[in-house]
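Dropping the structure in here first, questions after.
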């Protein structure tokens, strides 16, 4: 996109006024980038056809910095919602896209974000069908917030429900944990460090689709452990099913640098945010086949069977430590703070 | 809702961490208020069934102050999206609800907003089926931003399209314009004034539904002129259909105090925001019947036929002034600023 | 330039000294505090013309009425002249 | 308390004077600038123990190896004592 | 609204318009000085209701339009330096040489839009550790309120307040226009609200020197058509007199209290008009005794003078030599969303008024 | 990670654990002073791998837990007054008498979470018109880095920086615990990182006065089980000696350079320990010559002393008299999301460690 032709270098309040400046911003950047028959109606809403059951999920994305190692807030906003829809056992089809921009955002940065959204949407196979743009005064936002709401068609073979989970079911993770959170942490003022850690932000819908195609109702549950990390999500699962979860620390995929950064800041990777990780609970009859399918998919190369469902210690997650002891994995309370002294 | 039992007085970053504090906030306020079979799944998404064509619309609500005369940001967020869905000729059914909260928001204020959302959703006949809550640092938000995304079933008799609009079609407005914007302006630092002007924020879906029931494809278009006011929206319509719009200033419903406030600040009510106003373009054969139905509905008591579609001056909106002269109504450029000297 | 509108003085809210005076003016129910320092002669009930928060003139009711007779006045004047 | 972790000193980045010294330490690839003022003896390649941004100790490789012989040492000691 | 609505009456206005049509026999160029009148003429569609022979010429009476580029740059400079800059709403979108106040705010400046300069005093009180500057533009009408803000500051002992003043005066501008060799103006509508302060007496010398009718006129449609009627009538009759259409507001002597307040703070000095250039004795400058309230003095901001966009003919527009739609840039490269000159920014600017309201655009 | 991963080895740890089981014949109460060791013992599930007869008692070695309520209130007061308060992450959620630093931040305070006190100097440099205070808590381990920040400020002539210091010392606390009439402790694991600074020599007098084994110990599972093994071995053999399990880090004489830096800025004084009370000569106070870097001196903040929650038995927990799960409030009214006392807040506090990690909760 040619910034010269946009006619302005920063976004200001007028671009959110609903008048000509707003139309200008939309025409030159949004409609131009995402053009499709639904969005091209340029109305406040779009009309689509979806057959059968529809999965709907919404998320707002607020992140500092908006550009980080391995991605930016734009692709995050697509991946996050695409994945949430996928976690419902559905095939994501459409996204709505709503920006809240703090005045003063550079148009060049906005364009970069919009292009990342386009790329991520294309890669995920979803269309942006409707949207909204608001501009808030300087000091009343944080560069840009993005809300995406996603709609998908439930996979015909999906039978996702916590109620299907039984003792002995296995918990599989698709890859390294805690990468996104530590990539963000590495740029946080006062805590920053050098590393090659990148956010794992990615779309998981095709791998999820493949698993449903092959294993149908042997798949009991998908969950993507974003905020709160795998520890919090596993605790929620244990609570929802009134059963226990048993994990082995040694098996949880954890990249060396991420582990070191967690040690340095006194953070527990079990509670660090992920953006390209999901947990799947499967019938034990197919655990190895599922692991195989995952490991052969580029989004699951480092998959591992990290634990299982048990009738022992209901509502609790218990993890065997590296030296064979046991701890419980309680849910994260507030934000995980660096533990130093 | 009993604030004593909430256990905290202000919302802080921990409530957005995805951990126990988040769950606490959701359980005690959100899930308790909105409980329904979809939301009670407490997942990141919900699965619903909608038959036929689906209208989808998203909006983020950013407003200072968050409590204003005649409403608050919560009801606004429901009405805004319910109305956008209705403007597509659809019957709003479900809403997603996403909060971005600035840390330090009083829990009592949050509860008041949530309860307004509940009330507005109930009155509009929509269910909140999925949501999201983020908390940003102090100074990186503005108390609270709300995104709602709405889904509705297209009305079976609806045949809404700008392409159906013909010369001679009439433009009808349901009531007084410019109330919302001037209610907000009355509380704006440096410009504040005393008045009894209240926001017109309300849901329009039932009136829209009634009109479609009775008049079917005689209804060519609905538009709600929120940001940018009726001037900007009428200009967009003229452009979209490549025809002219002719208005009479004397007929446009404008309440006395709103008119006076606009005079005082040098603002043109044609560009002031509305939240409970809609324009409908109808076949001239039913103009009076439509007006009748509207005037007999509590959301259309002050309805008026303000103009018509013409082949003259294509792409332009022309308004006859009180003294019989003519002006064009160009679109708003940026934010309308008080004109004083 | 100089957007100014007429409103009715409905209250004197403070009188710092003989010159600095503040009052409330109603514009069809829209009420604004304005400086009355420039219109020492204005009393409650009077209509004043307000510009950027200061009343700059009181409105002369008789003269206001006369405006509507302009044609007649000028017409009569013409007739008089024509008659000469 | 006193969360401290071992890392390898990979660079000296500034030396304000004989005492104030700053360097980069790598923790399995995570690199952090730390104060070396408290470890004047540390050289590039040494492992240091870092606490709140300051290296507080260099790590003694020989002693580190000995840790794994503890049982043997104590056992031997016991045996010696037993033999007495 | 009383004293407003009745002057927007269709029948009354039509009667006067009919009379104008009746009496007009020759071509007349009448300049309304005031941008507010331009705005009202165009917004109410009066121009096209007049006889073709009566041509309204739009004058320089838009304070926003004539505030020098250099001064806008100074206000921006202050905003960038962390000063709280207060301004009327219409001033903030006017482009300086690099950007506008609004754009500077978007980059982090603390800009406040006020209804009244007097409210800047509250802001100064609320922010004792910050400097607060009011961007005091305007004609004679606005000068008293701006002066009042300084008097309030003095009275309350507020030391963190000053004004960045740019006050211009109407009569010298009229004289400059009349002195122009291309001037074709046959009569003036005098600016009613300026006269509310200054009275009508200033105009006698102009009327006799230039033998030109001056009709002090109000802002509502009926006021305007009456003013035009009186002017045409004098012209047709070969008269040149000072008339006062706006007698409900304007007295011959003006507002004595307001003139006193002006004279306390300001004295007459030379002023640069954007698009026109310097006109001698055409503005107010802050008096010696009040220099500590003069932001230019207090902050010693020196900005480089930058030339205006060479394609913009604002000077000719403001002097009534050309109409906005005679500018090549009008509506093409120059629009309210991307103004090349000040008359396209302020909604009182002739170019913006034409762009927003004039049905000429349809043709 | 080198020097870390190898000490988390299952086989090596198991060998030592087996040996402990083999040699234990009687009940022994061993206190690990350091909260970091408590954390590691619980998180790695070591407590339940030990013989039932070996009972670990959790000591007061969590600087966050023992920082007086009063001092937290002072930090909050500074934050409310517009000072930029810098702190380690674990300190900010600890409840003061009315609220925590984190809650104060939510109400508008400028709170910065830092990895290192030395980074507070950059913040002071970047904000020359603001006061910057580092909330300098910690044991002997942290004192040198906190002192370094003051030396940096002095060297660079920074005047808007000071520290709100609360440094406590381990040996006086051990003595206070041993003097308690309810004390049942048979041996101590010495805090390895405190000894990295101070060396081991301070402990000889304690060992001989109280005839108690002290084993200076590291933080990894292998370190801890070795430390316990050495302690049990001494106890079973009736010995009381000073041993150093952590010889890769700890030298008898400690870190001379670090002790020098401490002594430049600090001198020994009385200190109040939250939950325990004042212990004579148990902390560092800022020396006369550096008082201008002492935030308490600089701002003269006087906060009212407020009593602790009467249901919280933190004092008994910190002195090792009771275990967290022996507190009536534990896990019921007192949780990390609503802590009644400091040991439930810091993840190194014994109550929080039990809450988060201990499988005891399952039963």
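As written, the chains take the letters A, B, C, D, E and F, and residue 1 is the first residue of each chain.
We take it that contacts are C-beta pairs under 8 Å (C-beta built on N, C-alpha and C of every residue); 3 or more make two chains touch, one makes a residue touch a chain.
Protein identities per chain, from UniProt: A, B = Hydrogenase expression/formation protein HypE; C, D = Hydrogenase expression/formation protein HypC; E, F = Hydrogenase expression/formation protein HypD.
Quick caveat: nothing in here was measured; it's all calculated off a predicted structure.
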{"item": "Set of chains whose contacts include both chain D and chain B", "value": "A, F"}
{"item": "Shortest walk length in steps over touching chains, chain C through to chain E", "value": "1"}
{"item": "Magnitude of the superposing rotation for chain A and chain B (Cα, nearest 5°)", "value": "180"}
{"item": "Selected interface, B-C versus A-E, where C-beta contact pairs are more numerous", "value": "B-C"}
{"item": "Chain at maximum distance from chain F, centres defined as averaged CA atoms", "value": "C"}
{"item": "Chain whose mean Cα position lies farthest from chain E", "value": "D"}
{"item": "Mean-CA-position distance for chain D and chain A (Å)", "value": "39"}
{"item": "Cα-centroid distance, chain B relative to chain E, in whole angstrom", "value": "37"}
{"item": "Where chain E and chain F are represented by their mean Cα positions, the distance between them in whole Å", "value": "71"}
{"item": "Residue list for chain A, restricted to those that touch at least two other chains", "value": "12-14, 20-21, 137, 139, 256, 259-260, 263, 266, 333-334, 339-341"}
{"item": "In chain D, residues with contacts to at least two other chains", "value": "1-3, 5, 27-28, 32, 52"}
{"item": "Residue list for chain E, restricted to those that touch at least two other chains", "value": "1, 4, 63-64, 88, 102, 115, 119, 138-139, 141-142, 222, 336-337, 348"}
{"item": "In contact (per the touch rule at the top): chain pairs", "value": "A-B, A-D, A-E, A-F, B-C, B-E, B-F, C-E, D-F"}
{"item": "Interfacial residue positions of chain F with respect to chain B in the complex", "value": "93, 102-103, 105-108, 336-338"}
{"item": "List of chain D residues in touch with chain F within their complex", "value": "1-6, 8, 16, 20, 27-28, 32, 34-35, 37-40, 47, 49, 51-54, 56-57, 59-61, 63-64, 66-68, 70-71, 74"}
{"item": "Interface residues, chain A side, partner chain F - complex", "value": "189-191, 256, 259-260, 263, 265-266, 313, 316, 318, 320-328, 330, 333-334, 337-341"}
{"item": "Chain A partner contacts - residues on chain D that touch it in the complex", "value": "1-3, 5, 24, 27-32, 50, 52"}
{"item": "Chain F residues touching chain D - in the complex, by the definition given at the top", "value": "1-4, 6-7, 12, 15-16, 19, 34-36, 61-64, 88, 115-119, 138-139, 141-142, 144-145, 148, 151-152, 155, 191, 193-194, 196-197, 222-223, 226, 229-230, 233, 245, 247-250, 255, 257-258, 261, 348"}
